[in-house]
Amino acid sequence: MNIVLGHTQYGKAETHVVRVFRDHEPHEIVDYVVSVAVTGDFTDVHLTGDNARCLTTDAMKNTVNAYAKEAGDAVRQPESFAAALARHFVADVPQVERARIQIDATPWDRLPSGGQPHPHAFSKRGSYVRTVTVTDDGTTAHVVSGVRDLVVLKTTDSEFHGFYEERYTTLAPTTDRIMATSVTAQWLHTDTDVDWGKSHDRVLATLSGTFAGHHSFALQQTLHAMGDAIITEQPEIAEVRFSLPNKHHFLVDLSPFGVENHQEVFHADDRPYGYIEGTVRRDDAPDPGPDAFDPGQGW
Amino acid sequence: MNIVLGHTQYGKAETHVVRVFRDHEPHEIVDYVVSVAVTGDFTDVHLTGDNARCLTTDAMKNTVNAYAKEAGDAVRQPESFAAALARHFVADVPQVERARIQIDATPWDRLPSGGQPHPHAFSKRGSYVRTVTVTDDGTTAHVVSGVRDLVVLKTTDSEFHGFYEERYTTLAPTTDRIMATSVTAQWLHTDTDVDWGKSHDRVLATLSGTFAGHHSFALQQTLHAMGDAIITEQPEIAEVRFSLPNKHHFLVDLSPFGVENHQEVFHADDRPYGYIEGTVRRDDAPDPGPDAFDPGQGW
Amino acid sequence: MNIVLGHTQYGKAETHVVRVFRDHEPHEIVDYVVSVAVTGDFTDVHLTGDNARCLTTDAMKNTVNAYAKEAGDAVRQPESFAAALARHFVADVPQVERARIQIDATPWDRLPSGGQPHPHAFSKRGSYVRTVTVTDDGTTAHVVSGVRDLVVLKTTDSEFHGFYEERYTTLAPTTDRIMATSVTAQWLHTDTDVDWGKSHDRVLATLSGTFAGHHSFALQQTLHAMGDAIITEQPEIAEVRFSLPNKHHFLVDLSPFGVENHQEVFHADDRPYGYIEGTVRRDDAPDPGPDAFDPGQGW
Amino acid sequence: MNIVLGHTQYGKAETHVVRVFRDHEPHEIVDYVVSVAVTGDFTDVHLTGDNARCLTTDAMKNTVNAYAKEAGDAVRQPESFAAALARHFVADVPQVERARIQIDATPWDRLPSGGQPHPHAFSKRGSYVRTVTVTDDGTTAHVVSGVRDLVVLKTTDSEFHGFYEERYTTLAPTTDRIMATSVTAQWLHTDTDVDWGKSHDRVLATLSGTFAGHHSFALQQTLHAMGDAIITEQPEIAEVRFSLPNKHHFLVDLSPFGVENHQEVFHADDRPYGYIEGTVRRDDAPDPGPDAFDPGQGW
């Protein structure tokens, strides 16, 4: 029996760079938290501390910052910025065999000023984080877009009954409940000649519209409906992965106080929560392998 | 020397109640995290564990939930809901001498569906939390509205120079920088016959418009300009208190890489941060005493 | 009616400095997150953006870092380090009238190595944060020590019954429950010629021993017992302020599954929670005024 | 092209159960946050909302709570408790093909009281979270133990130089630096007839002792040394996976103030941070497949 080194990866995580485009009025900004992870032959670093092949994570931070200027128009969308960075590490650093770039992009809205959008002033949207993971192994680059912490809720059109019953089942069935979740989703593109901003907005519109309009018998069913609608609407998307916490809203029993509660007063509970995860995909989609999606989604 | 009991207060913190108004289409919702704190003569509880005068915090939670139905139209705005709750504890529980109700209200927006706002489906706004503190001592109720975590940024129209210099001063003066902050503010009303929703929206519009339009020589000056504008616009507001972290955006030195950086690429730093706090008030405003504002703002 | 500037304060928050003492074996470290806030006549900064009297918050950060070397042995304890910093700002910067220094000190323990404490390697204790607030107005310095996030729990010796009952009271009385809280406490010293490390350890020992040994009829009673014991044990402490969330552990009803639960299986709930706050003080203690205690404790 | 359902899983996340063992003095407690995820044929739930095969997540919560009593001595260690739960879901619920149980276990220490450990009173250790992931597919159960947020630091015996240099490399080499990290690690057992408590303590002792005693030329080298030592010491462990943020401590330049800084004063930075991840394994270890380790570690 020998003890050996298995899979490794390393990089600089969470470089927070803000780029201002100020050549023309109005100013534009992008706000990215960029994480770099590379794999390759770094055995010596681990076994002997010989760093001759070790690209410093400090240099990766410098690269992210410099590319925020050097990458030109690619900086304007997180997908193209991540692709440029991944390509650099794989192409320009010989010992890097695969690079994965993850970006959390914060959307900003223009502040209103005198009835007009202000040319220099912004407020953080806050209603979700836009995410990107690009993985480039030197041959193929997988581009995965996403959203995190998009919290949605519907006050009706949600039922849950007819479920499996066994010894530990005590839940009462319901034909009308609040359904709420905080959407984390990632979707794989099969085309990279895409207007990334429009594509992202369209996915969010489809996702939100489906959540709103779908009469649900289970959060799982809503998940599938959202994924199906996204791919139907944008067939260049091959696969969508969802993680949907079921943010339980429990009807409060007000009868001890002589107060009726017709689906009006709810306790929004924190923990535990149902956690529904699933994939919807085109049956002709290529298998992206285990590395394309951000593993931080947790499955 | 004797050891004595000083100031005490207690209550139930962070009851998270969601109320759905579903009598008419479209549905409406409010989403409140409610904290109750009462003061009064609770000496026996502390000294001997005699709980005869101790209103349970569990009953306070029940009251918050029941009032989400019983308080009628007062539930629709956090100011009026907090006032109704505070009044109840002071008026209906003899041993309570003062009640303070704090509410964190989450704004929700209607999801679009087929080009129209959907009648039952919502997404969390996320760009700020609306706050309320009402303190009622049985005679007077102070109503303080507020906002937390409203993140705003401007890419120009901000200078900082001419400052005091001493041994530890190394900062370079600048005539053009990014200014960004996460606004926490509270404001005291002298009139309670107010359309609370409209009042809150108007304060936010004034605050945002002033931040956007003001040419700033210091975050302190921007603070004052925002407070001045709010009270000028809504003279029933007696006093505004701000806590403004200076969210530093440092220009990245790209010269080692031969890249010019004309105020374009910034590192958004986490810590440390400047922290600017201040009060703007009407000189004829009544002194609200030490208890009206939420002490959690930290000053 | 005029609009005027009220109370203001500003400074640099959360400078995270780690000082290594390496002149002798074994090495020692302190780990401080330091926040500076000063008050004084900074009207011009607010009204006109004239910064001639504005000490930059960047200089405050520099001062914290330089003092981590220059302040000599005072650096070894957060109380003495905070006092040295407060004194500097008040004494050396003419326009500063009052300085408040807050420190969050992280305790580190030596890692064991071969059965001995290692001379250079440490692990973060993690069981609480040690806090300090020093306020110096040029004449008097108030030193307030504290602890935050010290989570304690007892499995018995806690009862709660005989409480006040009204319309919204549904809680069942109990003669045996889990009592758990996360202690935040601050205490004011009337003597500053103190071995701060020993004093802090002694307060924590008294607090913990009293929590453990006290048979409780209410968390309020436990609060009082802890404060009383601390001042009795260390009479130079004039006043202790506690904020004690009641971390509810609810007995789970396992009867639907035919399982008995004799105070054995509990659901540890997150929100809402009871929140018990109170002061215990010497009746001959000086009034420290409104500024000595860290207002971030929230009352 | 058809749109199809891919991989799915669901369950109840973060049921927080505290079990008191009170048959004998002294009392003992365990504190678990338990997440359940099952896979199987739940296609109907997704496609049509037919819930006939859907075990409710509420029943999973009930099961966790009931098993905290019913599972007997298996409750005392998170590995055996997780194994019992996983086995139940796979064996007793026909449509479940694989169950994964994750537990975050909070260690508690006895409070001292009169020089003795108190029999009923505890404080939260806080220095790390003990983690467990058990995956059972009906045939094989993989048991993976772990630790999260174990923060360690050494003040010397760490160098970093001789690294690869390219266009974006500006880091200065160093022969003496602070090295600090927050250890997240998971390790796979090939034997399940283990005293889990002793095994966990021994891994932590090996890990800590190696971190302390190893003279490091790179955090990667320290990672390998820790993994190697763990498997050498406990050969039933087949594989260890580490995620190690490099918590940078930057030497502060005090020369502008005429103050020398011989590796004494450091700025503990938050972001960005190096992120070093790697696997050390026995070369004869079985491949656990993609599902044994908690994917939340992120790789």
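We call the chains A, B, C and D, going by the order they appear; numbering starts again at 1 in every chain.
Going forward, a contact is a pair of C-beta atoms (placed from the backbone, for glycine too) under 8 Å apart; a residue touches a chain by one contact, two chains touch by 3 or more.
The chain list, named the UniProt way, goes like this: A, B, C, D = Uricase.
These figures come from a predicted structure and were not determined experimentally.
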| item | value |
| --- | --- |
| Which of A-B and A-C has more C-beta contact pairs | A-B |
| Type of chain C (Uricase):chain D (Uricase) copy interface by residue overlap (half), same or different | same |
| Gap in Å, rounded to a whole number, between the CA centres of chain C (Uricase) and chain A (Uricase) | 38 |
| Length of the line joining the C-alpha centres of chain A (Uricase) and chain B (Uricase), rounded to whole Å | 30 |
| Overlap residues in chain D (Uricase), where contacts from two or more other chains coincide | 15-16, 62, 66, 168, 170, 256-257, 270-271 |
| Footprint of chain C (Uricase) on chain A (Uricase) - complex, ascending | 167-168, 170, 256-257, 270-271 |
| Sites on chain D (Uricase) touched by chain C (Uricase) in the complex | 15-22, 27, 29, 31, 62, 65-66, 68-70, 108-109, 111-114, 118, 120-128, 149-157, 178, 205, 208-209, 211-213, 249, 252, 254, 256-257, 259-270 |
| Chain D (Uricase) partner contacts - residues on chain A (Uricase) that touch it in the complex | 1-16, 33, 35, 37, 42, 45-63, 66, 92-93, 95, 160-164, 166, 168-171, 216-218, 220-221, 223-224, 227-228, 231-232, 235, 239, 241, 245-246, 271-284, 290, 295-296, 298-299 |
